[in-house]
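So the structure is just underneath, and the comments pick up after that.
Think of it as A, B, C, D and E in the order they're written, each chain with its own count starting at 1.
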Amino acid sequence: MSEPMARTTSTHPGGLAEIPVRRFPRPALSRLGLSPGKRTRLKRLLYDHGPGGGTLLVLPIDQGLEHGPVDFFANPESLDPQYQYDLAREGRFSAIALHIGLAEKYYPEFAGDVPLILKLNGKTGIPSDAQAFSPLTGTVEDAVRLGADAVGYTVYVGSPAQDRDFLQFLGVRRDAERLGMPVVVWAYPRGEAVAKKGGKESLYAVDYAARVALELGADVVKVNYPVASEKDKESPPPYNTLGLSPSDAFRKVVESAGRALVLVSGGEKVEDADLLHKVRLSMDAGATGIIFGRNLWQRPKAEALRLTRELHAIFREYAQPPA
Amino acid sequence: MSEPMARTTSTHPGGLAEIPVRRFPRPALSRLGLSPGKRTRLKRLLYDHGPGGGTLLVLPIDQGLEHGPVDFFANPESLDPQYQYDLAREGRFSAIALHIGLAEKYYPEFAGDVPLILKLNGKTGIPSDAQAFSPLTGTVEDAVRLGADAVGYTVYVGSPAQDRDFLQFLGVRRDAERLGMPVVVWAYPRGEAVAKKGGKESLYAVDYAARVALELGADVVKVNYPVASEKDKESPPPYNTLGLSPSDAFRKVVESAGRALVLVSGGEKVEDADLLHKVRLSMDAGATGIIFGRNLWQRPKAEALRLTRELHAIFREYAQPPA
Amino acid sequence: MSEPMARTTSTHPGGLAEIPVRRFPRPALSRLGLSPGKRTRLKRLLYDHGPGGGTLLVLPIDQGLEHGPVDFFANPESLDPQYQYDLAREGRFSAIALHIGLAEKYYPEFAGDVPLILKLNGKTGIPSDAQAFSPLTGTVEDAVRLGADAVGYTVYVGSPAQDRDFLQFLGVRRDAERLGMPVVVWAYPRGEAVAKKGGKESLYAVDYAARVALELGADVVKVNYPVASEKDKESPPPYNTLGLSPSDAFRKVVESAGRALVLVSGGEKVEDADLLHKVRLSMDAGATGIIFGRNLWQRPKAEALRLTRELHAIFREYAQPPA
Amino acid sequence: MSEPMARTTSTHPGGLAEIPVRRFPRPALSRLGLSPGKRTRLKRLLYDHGPGGGTLLVLPIDQGLEHGPVDFFANPESLDPQYQYDLAREGRFSAIALHIGLAEKYYPEFAGDVPLILKLNGKTGIPSDAQAFSPLTGTVEDAVRLGADAVGYTVYVGSPAQDRDFLQFLGVRRDAERLGMPVVVWAYPRGEAVAKKGGKESLYAVDYAARVALELGADVVKVNYPVASEKDKESPPPYNTLGLSPSDAFRKVVESAGRALVLVSGGEKVEDADLLHKVRLSMDAGATGIIFGRNLWQRPKAEALRLTRELHAIFREYAQPPA
Amino acid sequence: MSEPMARTTSTHPGGLAEIPVRRFPRPALSRLGLSPGKRTRLKRLLYDHGPGGGTLLVLPIDQGLEHGPVDFFANPESLDPQYQYDLAREGRFSAIALHIGLAEKYYPEFAGDVPLILKLNGKTGIPSDAQAFSPLTGTVEDAVRLGADAVGYTVYVGSPAQDRDFLQFLGVRRDAERLGMPVVVWAYPRGEAVAKKGGKESLYAVDYAARVALELGADVVKVNYPVASEKDKESPPPYNTLGLSPSDAFRKVVESAGRALVLVSGGEKVEDADLLHKVRLSMDAGATGIIFGRNLWQRPKAEALRLTRELHAIFREYAQPPA
């Protein structure tokens, strides 16, 4: 692993003793092989909006498609997409990420206030995930037309449907190249074979997914934080015996992502202290930012904004000038 | 749920005591993110034809394809599509909805009298619905060429064939965007997985379908009225224990549809009193209108026109100026 | 059912007593919603060639593809396509219907003498019909290039492959619209689900197929004469208990076809008297004509021409001026 | 000339004695060879908006391009295009006719209230008219996208640039056919050769221009009222000796336009009495309506609305049911 | 002319007495009929970069193509395009405007720091301007690919080559519409006919040019400040006798531009005091900003930055919140 940039101390909110932490640098924007258009747009997200300083704080709202309205019961206000748009603007997020329908119908009055990441594929959670594949719901040209600053695409790494998935992504990646649009890949391990090799949350699977995104041409990769479990024994060697600490495991994933910037998923709602700790661990490991949805909008706006301010405060610690 | 606009009283036609009802507002046309062309055409349906006042009364006649001529036995006259065209014109419907063949062969003499919603996909009811998918029967350009004011598309939410369905819809949605044509999505839960989670009429399924239509870019969404049953226990939480009243359940669906206007399906023929009661409940909950076929044309024209007049009378109560 | 135009008497050639028959009118050419090009070409078939008077007498020769050369053993001359071309010219048929190969290689010397219906899709009879689907063998532009006056397309109604079939037909229908070419749909019920609901010859299946052709945009629909059987009990209600006479059943099919003109298939070779009786029944019920192959060319030319003259004589009785 | 439909009397507003007038019928919509889309859109202009009854009252605002802002000095309010839009809505015009820039920037808030005729070509009045040619400023697809109900195109009949003009119009006409969009041709004689044969206002030139529009495929033709002058002697025979009355001359032009509906231009501002007299003469001669700009918006709105009401009153006299 | 928003006092830097000035409002962004993409990008220029507050301070560097390197002798550093890029970044301009070559080769290291307006057409100053026409040097897709926030296009209003010019612009305008890219039109009167009607700096010519840009679909129009002269007598009435003050003349131009935002050209280098005075007059008249090249980069950077700071100070006085 590469040398950390600095050593500081970090206190676990649960009251654990201070432990020295290593901070790993994020890849410099100038070394990512970006065309001028991709660089212009990505820099806007990293420096002109949100916490800035080269970090990303993204609010996703694609759960209505992926999970159905079930996720909005925790905070009934959140059923109206305007809630998330308001939160993104008032909370000064780097961007909001969503599908074409929520962009066409709600974005116009926020145009220019909140950067847009147009999610280009998705699926419902109703049929089984055994052959997971997310068909296109929008195009890179839609994203350009709407003034978006990036596109999002889910690759189901390891799915039996990966043939169609890679080919579909090829089209997106080429359009994005032609139009100077950064590509954020939701790199999700899925499918029967993944389940047999430690599961979709195993380091083996997450690490592999991060690398696949890099190899296919992602500019930014969104990953889940790997979770160690008994099932890791079913992963191929040496993953089955690595036994890395959570932060070392995540650092491993960041390294596998290489020059693709790393975003950490929030997943289901957890305790605030745990959430903030996870953010620090991720940033220490070289992540560029987070993409947290339910953990933010599944609560009243005042509370969500309070937490967002805490996130801004953390990100400020990790601010770096453009390079 | 959002605050109702007004409280009035409503009498169930079956003679039940008056109960106070809440009326929820419909989304304002100016806030739907519509391009000028979509807005022009949708406004025509909402204000220049039919009951007007921002409501929709649509007559569908695609059952000959979906179910076969079996639906026409109840009223033999209805086998001739001219019957439905005459009914739509004499009954001053907002629009008639049908496939390309019935448009090409019967619309010319009604051109300009009855607005046209060209249904763009469909299937026969002969094979199983396990992998439900409706292939295209027409295109957005056909609709433009014929002078239609909207297009209709069926999405089978939850079907294992959703990959092809979403991709096919993507093409329709983009053509509609390019040509300024409003898109009405028939959002129908279908398939094996839906059957296992409460069934296609459950609130879980209908609510999810409404949200999917919004996320994919529908301007108007046609849903079935959810029906509570024992099978709701098989729906994912919290749907399995919600126990909402019919009107609260439908209000929930309208909220999930967000800025997509909601049309209620009629389904099979029922008692007039029940039908009119359902219309009032739907409109109170914020629906924009109804799309009733069999309940209207499965009866002699004089009788159908009488019922249509009653529908006009109800819609007049819900009229609102353009906003 | 609509009122018959006139009552006359008809004598069954087998010697049965005279029975009064009802004659139903055919749809007027001017009311079929045809573009000028479609109307020009269709009028040529209906009035300038064949028996005229708004009738159609079509000679098909696509059995070599659909069944193989097996059908030509009954009359070895018929193996040479020139036989059917000669028969069509000498017998003054309204048109000959065949695939691109037989058009390219044999039509040139008959160009202008015998109108051409280019059949655009087909398949061999070798694999099972469970997933019946006929891929394209030619295009509408081929038909234009060859000077054809119509195109033919087989839709397998109810087949599990209906997705591909409808989409393929969409392309044909749109090209035909653009180029002013009438479309004749071979509307054939097929597949496992059809077999379970009364079979491909049941009224349920034939009636449904006729309506599907109308909804998809056929200008002319070719149907098989429905055959009552014990299996009708497996059809959905009310078809399982209708018990219509053959002529009433066929009249039902003609009504379901609406403004698509109806052609009756000949099918396997039968007794001449039965064949002619079937023709009269069909024409009485409002059919526009017949498309008989094996019943004509599976016999020596002189005999075929004799039968053709009888058919001309019958058609003259049903002649109507253009309207 | 064809027989007039009726004889009534008309009083010249200037006080002349009553003279019996002949009224010539307008072509019936059903006989114009219109596709369903063209018919739907044209019927909307003729019956659903404006004075209705099959007449057209169109407000053009393309003078800012054609003449420059010079035309707006007479009424400074008119410099703001919103003035004309407001006038069109409040005065219930059949349509407003203008170029893409005024449509994109001002139409959205009037979408659905005022029908739009998108003018597709134009030029500045700065260079000489010797080689008059108006290049495209928009496309038929722009018109569809914006929800327009017709497109307008200027043909400079007789211009040395007619080669490019006809070819450019060919593309417009074909797109309009494909998309069901009615085409209004501004048929203007222009160029050196026209000047030598009696000039652009001569009956010879106007009559020829009307016929050219018909031959090229116009659905509606906008002509200037021919003006007799000494220069008529330079027109080819027999125009040089016809000596028709103004109303007979205009009737001649309407007959030359055949099944293209005729709109009369207003031209420069004149006395109201003369204007209204010209309207009556035009309608008596079989014109379908008028397209008056400067005569209406070169005055304060109250005054313009007063005159508009007078025009509505006149048009009501000429109302006919759809046929 | 419309009513001014406010009256304040302004002091001519040359020491003239204070005179009350009228301030006219700029069009609100929300009323410009902009698609979400155009609005997002234009808002970025108006509010996120440069002086902000809805103003524009643009640095053009297309003189090397238009005039040749001759313009760079005044400040030899300016020959290197990096000079202007540095000036744009250090001086916090709203955008830099230039051709594809200077974008491809110099923009990458400024990507995201300085917004880019890609100029899409241009010409050399070597041949005569009699038939002035600027051919394309880049495309809207180039602009998207590079991450530009607007495109620029020169229309030579009144040129005999306006046919080609309008047609070329049509393609640019449509691509810009499709991709959500704002269009800045350099509206320049040119050509023999212009020269005969008062010349390219006359109010007649500038006023006409502004209106043409609006009608053709410009989102922003760049005009020269009109200059009164003896030649105005050759302009068409009433321009030949208007005798407006400079500020009233410019206000007239702003009104003719309607809902196209107005940028004022700098032209040749003048005294700073005159320059700043012109800026104030322009902004008072409702201009949105300025596009000054030679007046800024024809001097050493320190001096250019000092002047830029003065411009920022002025623009701050005219700042308005988004509306």
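A few points about this structure:
By definition in this document, contacts are C-beta pairs under 8 Å (C-beta built on N, C-alpha and C of every residue); 3 or more make two chains touch, one makes a residue touch a chain.
All figures in this text were calculated on a predicted structure; none of them were measured in a lab.
Of all residue numbers used where subunit B meets subunit C, under half belong to both copies. The two sides are thus made of different residues. Comparing chain pairs D-E and B-D by the number of C-beta pairs in contact, the larger count belongs to D-E. For subunit E, the chain whose average C-alpha position is most distant is C. In terms of their C-alpha centroids, the spacing between subunit D and subunit E amounts to 37 Å.
Each chain gets a centre from the mean of its Cα atoms; for subunit A and subunit E, those two points are 41 Å apart. Here the CA centre of subunit A is 59 Å from the CA centre of subunit D.
Shared interface positions of subunit C, defined as residues touching 2 or more other chains, are 33. The touching residues of subunit B, when paired with subunit A in their complex, are 1-2, 31-33, 157-160, 162-167, 170, 173-174, 177, 189, 191-194, 197, 204, 207-208, 211-218, 236-239, 252, 255-256, 258-260. By the touch criterion stated above, subunit B contacts subunit D in their complex at residues 35-44, 47-48, 103, 107-108, 111-113, 116, 141, 144-147, 178-180, 322. Listing the residues of subunit B that touch subunit C in their complex gives 62, 64-65, 68-70, 73, 76, 79-81, 98-102, 104-109, 122-124, 126-128, 133, 135-139, 142, 164.
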